[in-house]
Amino acid sequence: MFHSLLIISLLFSLCNAAVQDFCVADLKGPQGPAGYSCKSAGVVTADDFVYSGLSGAGNISSLIKAAVTPAFVEQYPGVNGLGLSAARLDLAPGGVIPLHTHPGASELLLVTQGIIQAGFISSANAVYVKTLKKGDLMIFPQGLLHFQINGGGVTAVGFPIFSSPSPGLQILDFALFANDLSTDLVSKTTFLDPALIKKLKAVLGGSG
Amino acid sequence: MFHSLLIISLLFSLCNAAVQDFCVADLKGPQGPAGYSCKSAGVVTADDFVYSGLSGAGNISSLIKAAVTPAFVEQYPGVNGLGLSAARLDLAPGGVIPLHTHPGASELLLVTQGIIQAGFISSANAVYVKTLKKGDLMIFPQGLLHFQINGGGVTAVGFPIFSSPSPGLQILDFALFANDLSTDLVSKTTFLDPALIKKLKAVLGGSG
Amino acid sequence: MFHSLLIISLLFSLCNAAVQDFCVADLKGPQGPAGYSCKSAGVVTADDFVYSGLSGAGNISSLIKAAVTPAFVEQYPGVNGLGLSAARLDLAPGGVIPLHTHPGASELLLVTQGIIQAGFISSANAVYVKTLKKGDLMIFPQGLLHFQINGGGVTAVGFPIFSSPSPGLQILDFALFANDLSTDLVSKTTFLDPALIKKLKAVLGGSG
Amino acid sequence: MFHSLLIISLLFSLCNAAVQDFCVADLKGPQGPAGYSCKSAGVVTADDFVYSGLSGAGNISSLIKAAVTPAFVEQYPGVNGLGLSAARLDLAPGGVIPLHTHPGASELLLVTQGIIQAGFISSANAVYVKTLKKGDLMIFPQGLLHFQINGGGVTAVGFPIFSSPSPGLQILDFALFANDLSTDLVSKTTFLDPALIKKLKAVLGGSG
Amino acid sequence: MFHSLLIISLLFSLCNAAVQDFCVADLKGPQGPAGYSCKSAGVVTADDFVYSGLSGAGNISSLIKAAVTPAFVEQYPGVNGLGLSAARLDLAPGGVIPLHTHPGASELLLVTQGIIQAGFISSANAVYVKTLKKGDLMIFPQGLLHFQINGGGVTAVGFPIFSSPSPGLQILDFALFANDLSTDLVSKTTFLDPALIKKLKAVLGGSG
Amino acid sequence: MFHSLLIISLLFSLCNAAVQDFCVADLKGPQGPAGYSCKSAGVVTADDFVYSGLSGAGNISSLIKAAVTPAFVEQYPGVNGLGLSAARLDLAPGGVIPLHTHPGASELLLVTQGIIQAGFISSANAVYVKTLKKGDLMIFPQGLLHFQINGGGVTAVGFPIFSSPSPGLQILDFALFANDLSTDLVSKTTFLDPALIKKLKAVLGGSG
């Protein structure tokens, strides 16, 4: 069947080059601008490339009725260096993923259940809003404010995929009201009333 | 509520910078190494960022019982320049996506229905195979041979997301047997028997 | 002085390779994900590499007492493809550059006059605030909310330099209140009161 | 001859910035997605930038009459981080480098002796084959299946240069038949007959 | 004011993803092609993002009447991985920054005081020279020979910003005459007279 | 031989995605920061990927006894967007490629005939010089001054491969003495004597 049955010697001459097809993150090793250090290839198994942590629904029993479950490089070390990561959105009826950005990645959202109304705002201050159904995709360009809302009567589920293993997540309300940025600075830089800011800080756990 | 009610003048001084947050492909414009030319921002609408072509099942009535439906930049111009694209896999029971590579991207596969057995082979010739269930993710590093097989008794569905708007798709059987690469060259470079190659070329539509 | 006086022939054999050291933007040509088309090298002059539009103060007579003047690729075509652009901040006493992001670039701010208090908020919701004086540099990582405030009694001036010719600029108040994103959606995704949103939309020119 | 003889002080003020022009790989240090850790600059010598391992012919006495000798980053640490590496092909008359891909790099092949017939297959399933003579260059885009065959009566030599220090090398026959990917999976994903697969696995050292 | 006062649970579900917005250099950790290892996020403070080392004038009392003070990643670890760094030029009347290149970055020069005459030479051997005043910007494409000269009667100051944390700095006179590259090799590769080279080596501290 | 003989329908469902594996330059189309526009895939042939212009020796009859023949994207459009290009060096006995830089690429030099003495100078002003024989490789990091000299008694030949389709080429002597940069500016920025500069300008064809 083969022209030659004795090409085994080829195998050794061709394959003595160690290679780096992937770089499963060693979360305890040093991290650099391009990502985590690689686990030794010798201990990498198929399990390193698979992540099951998004298979179950997030906890949507909170009053905002929504959950975001990340599968970034810290949760899913196999994506290190490969330019991709993921998350899962669960949105009960009335659920909302509030305005947020991913400073380090664009996002491609796949809706797998229900109806999601989603939108983003561009640098030119244009608004792009659509109502998405099961199987629809929507792309959110890197770094822009966007949101997702349950747009139907049943629980909706979506899977955002990011163009980086470390997309980051900056939720506007938390950035404004859930840390120790002083009420004075928040007020000056948002023009919101200090009394309102203090009230929101109290709700969201911020101080100052 | 605001410290000042008259900051409108700020709006104009701050916003007179045109910006390029995105670059929706003008599929008829010139294409370069980084992607397609951008549609004029003035005619971009929310529809450009949404793609519904993966919401329906692909045709799995063929004897291989599987379909791949792409949402690359040519189908989904909104992803141009944003480092992401997608596809949909439909696998009837017994269905197979045969061995293939994406020369231009890594792939993150999300299983949304059924059971998929998937695997890839590394440059070091190691094999990584896993059986995936609904909600599981598996990452396939760029350029490596991989496959997906229905691993259960019901139709399975998965959505691969790619780290490029133009991942490419090279299916091994078609590369070997469905074009005009001569039987002699296929035989010499695969060590397969010429008679077998001719038979497969006949099946898959190749010549030479 | 030279070992050989007749190396002129070398000049021609070595220099017949056209080269692309730079790509001054042709703002009227097609634009792609990597930037604008290049002006023909034959018409490029030293003027293309210089920009004087930031030499004068911006208009700080508005009530917010601040101005941002961009020198992005649209204003300064010479930076096209070179990974850099700039802007100028003028901050009268009490002046504020409100919370904003640059979706496409990190920013290195150089203070050239006065005192500027500046800060950013990370994805981990940590706050980094510093008071900067003349000659100080502060770096703001890509895509994170940040602000600048006059921190002294005299007009302050700073020059942000960006890691992209098209950094983008998304000002929070404008994104929320100066476009047609509906009051209902703003309220749902920020948890702010609809009445407040309507009031702010009226001030900032938004609708809906 | 100089306007000033006393500019030595300049030397010290200008040169106190450590710099990273290169990053010779420390093969024992941690590896990340962008490559290996750098050797300390203090111990780098000219030898680190030179590699002589390709100066001799590879062993072409095997029955396939060909050898590939890599100069990837593991063999040639000086290329770490510089976007280039190399290899040497030796092809006795009748010699063949079987179908393979480099998942991580494009390849520019320089023929330095004899005649090489080379070709690649695109994602669109087009075939590009040429017969190359001494001094010819051929480019193989990243990730695509390609091959090289001795096209003349004398030993041929070529030097592929890659656009990455770690191009990887996936040889089709070895990926299919020289590992433990089960005969059942190979058969299902290539449509080859199980009996044939078992025969080839026996020849090439595969199992399962 | 909020639709819900009890969204605190959201905070925890959304924020349990560690993120990498920045990577402040740990100058003692391993360095790779993409930069230095990151300091542990837990010990990063606002001080890491600010650099005050350029606020004072460099020493221009030397006979060349100029100083370059770098704020590269080694001096300013906060820029690691963020694609930016800076320097300060001080040019007394008659001061000169001699011909040099930055092998790893383009440069955007901001003039903040006085008059600077600056220029660069392209690969096509075209010369681009301009006289810059306070507030002017000039861009120098990566890797090209360029210079800055005080073009007025008073001390001039400028701030170059680079498109890399490690731009490098290769000063022509030092590269030719301030190291141990042999006089013979310098002469052969520049066509300058050996006697002249030896004289310049003596001035600039070179040997050989 | 196949499990199914009727998988042809698969062919069409899988292959309806146009793809961009390569982007052969249309030298008359618009050029952007990432390279030239792509030729229409329909007119691309195998010839586009092959370049024979380096197969013959360059003209080394000049008094410097050396020639550089480029195969950059302008000469070899098939490399557009693929991160590689090449050149050929011919060095008669005594031949010299004078000090030069490639502003846009690192260089990997392969010696194919004779002896070449080569070296480069780092930003830290260290000198790395080696004598290379046939089959040796030497890497020159991006943007650094380097040279090649015939180091033996017979004609030497080498092939530099670059990490960019447009590496650029800045030859020091030409940059200093073969253009219209004024003698005054050359003198001020190199500290060379104006009389010497004028003499060299006369030899090399410069003016001013």
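Lettered A, B, C, D, E and F in written order, each chain numbered from 1.
Everything below uses one rule, namely that contacts are C-beta pairs under 8 Å (C-beta built on N, C-alpha and C of every residue); 3 or more make two chains touch, one makes a residue touch a chain.
These figures come from a predicted structure and were not determined experimentally.
Trainee: Work out which chains are contact partners of both subunit A and subunit C.
Mentor: Common contact partners of subunit A and subunit C, which must touch each of the two, are B, E.
Trainee: Would you kindly state whether over half or under half of the residue numbers at the subunit B/subunit C interface are used by both copies, giving same or different?
Mentor: different
Trainee: From the mean C-alpha coordinate of subunit A to that of subunit D, what's the distance rounded to whole Å?
Mentor: Between these chains, centre-to-centre, one finds 35 Å.
Trainee: Approximately how many whole Å separate the CA-defined centres of subunit C and subunit E?
Mentor: The answer is 20 Å.
Trainee: How far is the middle of subunit B from the middle of subunit D, if each middle is the mean of its Cα atoms, in Å?
Mentor: Between these chains, centre-to-centre, one finds 26 Å.
Trainee: List, in ascending order, every residue of subunit F touching at least 2 other chains.
Mentor: Expected reply: 1-2, 4, 7, 15, 18-19, 21, 30, 32-34, 82, 103-104, 119, 122-123, 125, 129, 141-144, 168-169, 174, 178, 188, 191, 196, 200.
Trainee: Can you list every touching chain pair?
Mentor: Here the touching pairs of chains are A-B, A-C, A-D, A-E, B-C, B-D, B-F, C-E, C-F, D-E, D-F, E-F.
Trainee: Which of the residues in subunit C end up touching subunit E in this complex?
Mentor: Interface residues on subunit C, with respect to subunit E: 1-4, 7, 15, 18-19, 21-22, 41, 45-47, 49-52, 54-56, 71, 76, 78-79, 82-86, 88, 106, 108, 110, 112, 119-120, 122-125, 128-130, 132-144, 159, 161, 163, 187-188, 191-193, 196.
Trainee: Can you check the complex and tell me which residues of subunit E touch subunit D?
Mentor: Those residues of subunit E that touch subunit D are 30-34, 58-59, 62-64, 66-70, 72, 74-75, 103-104, 166-169, 171, 174, 178, 196, 199-200, 203-205.
Trainee: Where on subunit D does subunit E make contact in their complex?
Mentor: Subunit D residues touching subunit E: 1-2, 4-11, 13-21, 23, 26, 29-30, 32-38, 80-82.
Trainee: Looking at the complex, which residues from subunit D come into contact with subunit B?
Mentor: So the residues of subunit D touching subunit B come out as 96-99, 101-104, 117, 119, 121-123, 125-127, 129, 141-145, 147, 149, 168-170, 172-176, 178-181, 185, 188-191, 196, 200.
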